[in-house]
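Look at the two complexes coming up: subunit A is in both, with subunit B in one and subunit C in the other.
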Partner chain A sequence: MSIERLREAVKKILPEVDVVIGYRQGFDPLHATPYFISQPEQVDQLIWNPLCVQNLCSYLPFLKGKVGVIVKGCDSRTIVQYMQEKLIEREKIKVIGVPCLQVISVKKVMAKIDYQVAEEVAFEGENVIVKTPKETKTIPLAEVMPRKCLTCQLATPLQYDILAGEAIQANKPAEAFEEIKEFEQLSLEERRRYWEREFDRCIRCYACRNACPMCICQDRCVAESRDPHWTSQRANLTEKFMFHMIHSVHLAGRCVGCGECERVCPMDIPVAKIKKKISMDLKELFDYQAGINPDDLPPMYTFKVEEAKIKEHEL
Partner chain B sequence: MAECGFLAKEKINTLIEALAKKFQVFVPVLEGEVVLFRGFESGKSLCLSRPANLPPKGIIFPASDVLFRFNFQKDPEDPKKVSVELKENRDFPLTIIFGCRPCDAQGFTIYDRVYLTPETVDPYYRERREKTTIITLACNAPFPGCFCTSVGRGPATTEGSDLLMTELEKGYLFVPITEKGKEIIKAAEFEDGSPYQEEAKKVQENAAALVRKPFEHLEKLPQKLLSLFENTQFWEKEAAKCISCGACTYLCPTCYCFNITDEQVGNTGERIRSWDSCMFFHFTLEASGHNPRPNKYHRLRNRVNHKFSYYPQKYNGVIACCGCGRCIRYCPMSVDISEIVAHAQGA
Partner chain C sequence: MSYLAGKELRIIGFLCNWCSYGGADTAGVARFKQPTDLRIIRVPCSGRVNPLFVVKALLNGADGVLVSGCHPRDCHYSEGNFYARRRLEMLKRLLPFLGIDERRFHYTWVSASEGARWQKVVTDFTKIIHELGPLHPKKESTE
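This part shows the complex of A and B:
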């Protein structure tokens, strides 16, 4: 898809909405940043490339008025989930869909360039080329793909009002939860040690929560509440663990797998793994995947005496 | 005894092991892809190639600090009579922070003005601060997002450090800045560093020249920001992409705001001081339910103004930002405080 086509789409939508949320270059050529466009002259700064990683839909429940938003396939599940939970008025949102086969993990690129300053970034074929003061490095895109892209089935968004480009087919194998199944082979003790080591780094900055499109309690989060007092201000493992469990369990059947929680973690904690485990369980138990069909009701929102896949009544 | 010392690269671990006999030594180590300050243990390998993800501020100003423990006791004869027993927690060991960056060390001087003001000395902070020696590593090159030279500092600024190390081709030059630094030089086995001073100077100058400069001319900035205080449009625009998490404040070597809570179960508990963040809704939420900073733009405005306007106005023009760039580098949405400052200057 060409950037011209996207700019055209934004210009077309702009008169109908108060703001269009897209991307522009951030503080260096390796970082894109959300861009709130309200004037036509701003459109020239709009960018589109695999660095456009943020899930821009997350802003929608908090914005008043009519909003246009640039949406990748993976992000479109957020729109669907919001529709299910009536968190947005779909008719007030203009979705500019962008076909996308993969974004890149900036963290993975940083590791490849030895955490140097990126002076120039270019995309050529299947590679990203990054120039640092030390070297110019050609990195295959496949090597710096975030985990979510490895099993992407949504190259074209599920929801859009305008598609900036041609609809394309996903070219990745479907999610088989192999990583989770492999992890579950570890003993309980080994898994506990793994999570203790990972959560020990948590600084409770709540970036994972605030970047999560489905964490809609935000300022009313039970993790910071004094009444009920479920977590304290102690910076110990128990409290950190408790917060992450609250976050994960509240997302059961609602997590749309956008991976923002993990992408934004400044301590590089693989928090999406827990959500993926829960999504796997939801798939197994309820044959359900969040954010696919706007008419669905999340399984945790409903109760059936006899769930087809839960054989409890036979016990 | 020479004024400054030199140590070959392979001898760094020997130095730290020697220091660890007398001090608890915190060093930057690699955990996965994250660099963190951890207590030194023999066999742990240092990561000196880039700044730690989290500055070492928590070593002197812990993320969660037990100030004291309390225990309520009822009089068995008269249960209405309750006494309370307090046990203060102020037993801090001699400490060394090894291998932090100049911006990290300067962060403590920003705290000092607040926590060591004679009228309101913070005993917990003072005691840890006095017992800590800071051995800083000058930066040989800038890192993504950093801008120390724009805030009147640099990759080899010595303020806040007791000893400044500079990495050279064959080893490290150690220049003592304070008496504490001199003690370290005296105690350990260093070569004479004088022949290396010229090389170090060049390395430091090269690094300074490479740091990006998103803005200059800070003299008028505090007033300029004040004049923009009521400009809702400006702040709403700057804050539009902010998601109000606390990553910027918790990763900041100069953010020093805290919360105090009593964590009590039954009759016993602890009074805890923990990091707080002005980016959170709860930070200014009052008991009445009123919140003077209900919107994220109020809160981002506070963070920028505190560093670039309120603090310098209170403390002789000192900008409360060392330009380490962490808030930019690790911001989920790439909110760039240096860009906001530049926009404010141009507004």
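This part shows the complex of A and C:
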């Protein structure tokens, strides 16, 4: 897809909306940052490349008026989930869909270039070429893919008003939750030690919550409330563990797997893994996947008198 | 009962006001012998039980958590326990993923008339928790 087509699409809908959310270059060529476009002359700064990783839909429930937004396939699940939960009015949102086969993980690229400053970044075919003061490195895109792209099924967004480009088919294998099943092979003790080690690094910056598109309580989050006092200010493992449980349980059946929580974690904690485990269970129990069908109801919002797959537990 | 010979463990029970709490009362009135490890918290309905109550209890010193409500279709509020069933099942599957034995958490249905069933649930659950031992063998530092 060419950037011209995207700019054209943004120019076309700009008169109808108050603001269009897209991407522009961030503080260096390796980082893209959200860009709020309200004037036609801003459109030239708009970019589109695999560095455009942020899920821009996260802004939608907090913006008033008519909003245009640039949406990748994975991000479009967020829109569908918002529609299910009636958090947005679809008519007030103009969705510019962009076909996308993969983005890249900036963290993985940083590791490859040995945390040097990126002076120039270019994309050629299946490679990303990063120029640093020390060297020019060619990295295959496949090596720096974030985890969510490995099993991407949505190269073309589910929801769009304008598609900037041609609709394409995803070329990745479907999610089989192999990573989760593999982890479940470990002993209980090993699993507990694993999470204790991971959560111990947590600095409780709440970036995972702040970046999460489905964490819509934000300022009223129970993790920070004094009444009820779910977590204290102590910096011990129990409190950290509890915070992550709050985040995961509140996302049960709502997590759209955008991976933002993991992307923004400064301590590299695999927070999305717990959410994925819950998604796997709920898919098996209720044959439900969040953010696919706008007419569905999240499984925790409803029930069946006879649950086909929930058996009574005997002692 | 030999398993009560050792130290008592901490088991938290979330019981719905209308069925299970009544069931526990029935068991008490009938003077059924029960282990004393269970600390009961009365809730209006099993639908009131947030899965995080269970997590919070387990992380903060409980060795086992029992949730009990009205039998499905018998909820005082018609449908509270149907929601509870979905949430608690999700949690039951999540706990072992985090390295907490799923047997430490049990949810079941006991009606107000089932004093004998209540006695059996408490006795069996307490026995399992005693077999598993304390969840937090050493007291965690609060630093």
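Note that in this section the second predicted complex is superposed on the first by the 310 of 315 C-alpha atoms of A that agree within 3 Å, B and C clash if a C-alpha of one lies under 4 Å from a C-alpha of the other, contacts with A are read in each partner's own complex, and residues count from 1 in each chain.
Simple rule for what comes next: a contact is a pair of C-beta atoms (placed from the backbone, for glycine too) under 8 Å apart; a residue touches a chain by one contact, two chains touch by 3 or more.
Only a predicted model underlies this, so the values are computations on that prediction, with no experimental measurement involved.
Asker: Quick check on the superposition: with subunit A as the shared anchor, is it clash or fit for subunit B versus subunit C?
Answerer: fit
Asker: Roughly what angle, nearest 10 degrees, sits at the C-alpha centre of subunit A between those of subunit B and subunit C?
Answerer: Once the two structures are overlaid, it is 90 degrees.
Asker: After the superposition on A, what does A:54 contact: first (subunit B), second (subunit C), both or neither?
Answerer: It touches subunit B, and subunit C stays clear.
Asker: Look at A:310 in the shared chain and tell me whether it touches subunit B only, subunit C only, both, or neither; answer first, second, both or neither.
Answerer: second
Asker: Of the partners subunit B and subunit C, which touch A:184 in the superposed model: first, second, both, neither?
Answerer: After superposition on chain A, A:184 lies in contact with subunit C alone.
Asker: Regarding the shared-chain residue A:234, is it in contact with subunit B (first), subunit C (second), both, or neither?
Answerer: Both partners.
Asker: Is A:33 in contact with subunit B, with subunit C, with both, or with neither (first, second, both, neither)?
Answerer: In the superposition, A:33 contacts subunit B only.
Asker: Between subunit B and subunit C, whom does A:285 touch in the aligned arrangement: first, second, both, or neither?
Answerer: A:285: touches subunit C, not subunit B.
Asker: Using the superposition on chain A described above, determine whether A:194 touches subunit B (first), subunit C (second), both, or neither.
Answerer: In the superposed model, A:194 contacts subunit C only, not subunit B.
Asker: Once the two complexes are aligned on their shared chain, state how close subunit B comes to subunit C by Cα atoms, in whole Å.
Answerer: 7
Asker: Residues of subunit A that sit at the subunit B interface in one complex and at the subunit C interface in the other, please.
Answerer: 234, 236
Asker: Quick one: in the complex, what on subunit C touches subunit A?
Answerer: Touching subunit A: residues 51-52, 55-56, 59-60, 72-73, 79, 82-83, 85-87, 89-94, 96-101, 106-109, 121, 124-125, 128, 140-143 of subunit C.
Asker: Where on subunit A is subunit C touching in the complex?
Answerer: Touch residues, subunit A against subunit C: 180, 183-184, 188-196, 230, 234, 236-238, 241-242, 245-246, 248-249, 252-253, 274, 277-278, 281-282, 285-286, 299-300, 303-305, 307, 310, 312-313, 315.
Asker: Subunit B touches which residues of subunit A in the complex?
Answerer: On the subunit A side, the touching residues are 26-28, 30-36, 54, 58-59, 107, 110-111, 114-118, 133, 197, 201, 203-207, 209-211, 218-219, 224, 226, 232-236, 260, 263-264, 266-268.
Asker: Which subunit B residues qualify as touching subunit A in the complex?
Answerer: 31-34, 36, 49-50, 53-54, 62-64, 141-145, 210, 237, 240-241, 243-247, 249-251, 259, 261, 263, 270, 272, 274, 277, 280-282, 326, 328, 330, 332-336, 338-339
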